[in-house]
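Structure below; questions to follow.
So that you can tell them apart, the chains are marked A, B and C in the order they are listed, and the count of residues begins at 1 in each.
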Amino acid sequence: MNSTNEGASASHSSAAIKASLKKRYARERRFQWYGRMAVLTGFVFLLVLLVDIVGKGYPAFTQQYIRVTVDFSAEQLGVAPGASEEQLAAANYLGVIKNSLRAMFPEVDSRKEKRQLYRLVSVGAEYQLRDMLLADPQLLGQTREVWLQAHSEAGSYLKGQVSAASAEADRKVKDVQMAWLDQLRAQGRTESRFNTTFFTAGDSREPEMAGIKVALYGSFFTLLVTFLIAFPIGVSAAVYLEEFAPRNRLTDLIEININNLAAVPSIVFGLLGLAVFINFFELPRSAPLVGGIVLSLMTLPTIIITSRAAIQSVSPSIREAALGVGASKLQTVFHHVLPVAMPGILTGSIIGMAQALGESAPLLMIGMVAFIMDVPAGVTDPATVLPVQIYLWADSPERGFTEKTSAAIMVLMGFLIVMNALAIYLRKRFELK
Amino acid sequence: MDTGRQQEAAAAGAQAREPLDIRDHGSVGDAYQTIGAPFVDDAKMSARHVNVYYGEKHAITDVSLDIGRNEVIAMIGPSGCGKSTFLRTLNRMNDIIPICRVEGQFYLDGEDIYSQDQDTVLLRARVGMVFQKPNPFPKSIYENVAYGPRIHGLAHNKAEMDEIVESSLRRAGLFEEVKDQLDKPGTGLSGGQQQRLCIARAIAVSPEVILMDEPCSALDPIATARIEELIDELKDNYTIAIVTHSMQQAARVSQRTAYFHLGKLIEVGDTKQIFTMPEHELTENYITGRFG
Amino acid sequence: MDNNMKLDEHTSQRYNAELEAVRNRVLTMGGLVEKQCRQALQALLKGDAELASEVDGADYEVNDLEIEISDRCTEILARRQPAAGDLRMIVAVIRMVSNLERIGDEAAKIGRKARKLADARDRQAYAGESVHLGEGVLQMLHGALDAFARLDVQAAVEIISRDLEIDREFKSLNRLLISHMMEQPQRVKNMLRVNSCARALERIGDHAVNLCEEVVYLVRGADVRHLSAEEIKRHHQ
């Protein structure tokens, strides 16, 4: 009697559990779907962004050239035969190019059309010829076929970015220019090459002559300064706070302030840099040195916080083991705690550095936004950095800069990926030991 | 007839029927007297009137105890009884805990180890420690053993260091098992091997006393048996104090046993005496499994 | 009561039950043995051959209990690793059951002799001589078992000291029997039977002393075997 009752209640409760199971599983499935949707949404946005940037940016990695027959005669250049280097440098290369172009299209005679004809090749073409002649003075008096860089507007037509279908008023490449370019293409006088200028030149007003070299060097020097300042100071501060500092109100206050500092808007650091380092200490404007100092101030809290977390996560048993064999506090920290915490510290530091690499606002405040053509040779030379260069180009009206902007973003992202990969590699490598 | 006697027997046995709680048994009072023989003639280490506080908490109350030369003394007692805390005062491992305050006198061969001019680094070289969880450094087996001698400058060249490493591993009964993989990480060994590596590491700095804080609690019975065997061999050259949760282990490895209860040293005596005829009710209750 | 023996209050309830069961079985065995002895003595005094056979036959029950209790003790040793009071309890019980079993053997021996003596015509003349000795021994055995039940060291020591009395009693009975034999040589055979009953009773007294010594060990942890009653008294009363 008793046992049947128990059996009945048992089967009753298992029925209740079964009934609720369905609901529970349904809830779990629903939650999984929400999660998947969230991930998918994020992924779609990322994909759209990437496709947009790569789609816009990839043409910037090619450059169009036009083959022109150049007559390097002394007469054309307006110098005497056997002229000195200085004279050659000051020769009339623009005239030579104009003559050559006119020779290819003899039917052009109106002033307006001539101007459009000259605009087929880049403004930089005359410097290209000058460099050629200076490198090889024997060319004087000879006639050569030379590949000249196309003007960015002509180039965008050759790349197929502009079509004749749109109204002539809406585009910079005129119908006549299109006809000439088609003619040149038919004669095999046009060519598309990999854009080395993009990586070897500084900024320029002409899109086809603009490159990111200055920004790359600037970013490198800035990050170098940031790393050299922020890493040792940050790790030392973390070690001191975690291992040596007494726990009292002062250290609590310091800890709170460090945490708050990590949340301060980066532009504030820029203002600080402007006021303290440039105005008070009179360090050079636009220099990677100041930029690096400012960014290291911004990165320090990140490095300190992640390093402290990494040091905290080192098992106390390691410390006890070291102290147990008679190691001093300092030996314990440097021989055992830091090596174990190093992967975490490095990861945190590299992520902090990656943040610094992508930062532009504080650098705008200290003048790293200037137009700089010369590659910096050191940390005190004026320079710009990649994000600021992107900001500058994104502001430029010329259509050639649109693709440069996207291309620079791609380079920046490439560096971020490399830095994160480095962080992962270092972590794995240290963890193996 | 016999049922009558059984009733009598039941009455004789039943003094308190309520289930025992350890807290009900802490009625020793602050001014208590340790039962048994806390002092020995030939003491390696002596502790007198030790009080330890963790902040407000009084963790150890007036403990006085001698650790005899070349003996294994086991410290047993329920969790939180202060046995580990007491062990750690013996090589000043409690110094690293900021809120911990230690009072009382401690002597190692008659030398005050809490005096101003006692260097903790030297003390810990003389009084080594093996911990509950095997905690080899995340370095090679060789480096684990060589680390102590290196920081203390005990070896003058590579050959001497090799010698120290080998003899330490040998004495810890590990050398034959690891001689071909001295450059492999110590963390790759099995739990029992790791603990023997930790013992080798402690031996390598030639300590006089080895403190062991539940050295076998993370090990399987066979690894435990090997460590116990090792403790037995080591006692010829070292003085060993071991804290253990396993009463059987205390009974197996030690010559003397000390029973701690809520921060007080209740009873000390020969291990045989403690495990067959303890004098104090609390000791009896603990070792017969009546609480804890 | 001067002891602190407690068999219950273990964290493990089952352990309590196991120890309790061992103790109860020992008391059951003790009761059985005591009954056997009482009956054997009765059979001897009254010449009751039937009762005598019954005593002899009851021995297997005691033997079974001995094996059962030893088995339980072995199991507790293996599974619980008893310590202190529990350990002494188990050790004492193992020794006590073998003593009890021998008491049972002695009782059976008396039973066998009693059966032989039951038919003797002149039994009344000499069987009565062992009454005094028999009652004394029975009291000792009873007291020993009571002392074990109550874990009463005082009582146990008291009983140990009574053994001297029993020895004296036994010796005087022997002298009596010898004089009987010299007077009436035709009775020598029966006299020898009575003598072996008396010897058995004396042995039972010795075993009762052993039981008491185990009680002292159990409560005080001191091994008092092979000490004189005087010494035991000095130390444990």
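Keep in mind that, in the parts below, a contact is a pair of C-beta atoms (placed from the backbone, for glycine too) under 8 Å apart; a residue touches a chain by one contact, two chains touch by 3 or more.
Please read these numbers as outputs of a predicted model, since none were measured by experiment.
The chains in contact with chain B as well as with chain C do not exist; no chain meets both. Comparing each chain's Cα centroid with the centroid of every protein Cα atom identifies chain B as the most central.
The most distant chain from chain C, with centres taken as the mean of CA atoms, is A. Look at where the CA atoms of chain B average out and do the same for chain C: the two points lie 47 Å apart.
Per-chain CA centroids place chain A at a distance of 101 Å from chain C.
Averaged C-alpha coordinates give centres for chain A and chain B that are 60 Å from one another. Looking at the complex, you find that chain A touches chain B at residues 246-247, 315, 317-328, 331, 335-336, 339-340, 433.
Chain contact summary for the complex, chain B toward chain C: residues 1-2, 5-6, 8-10, 12-17, 19-20, 247-248, 251, 275-278, 281, 283-285, 287-292. By the touch rule above, chain C contacts chain B in their complex via residues 1, 3-12, 15, 20, 23-24, 27-28, 30-32, 34-35, 80-88, 145-146, 148-152, 220-222.
Every residue of chain B that touches chain A in the complex is listed here, in rising order: 91, 93, 96, 98, 121-125, 128-131, 133, 135-139, 147-148, 151-152, 185, 198, 201-202, 204-205.
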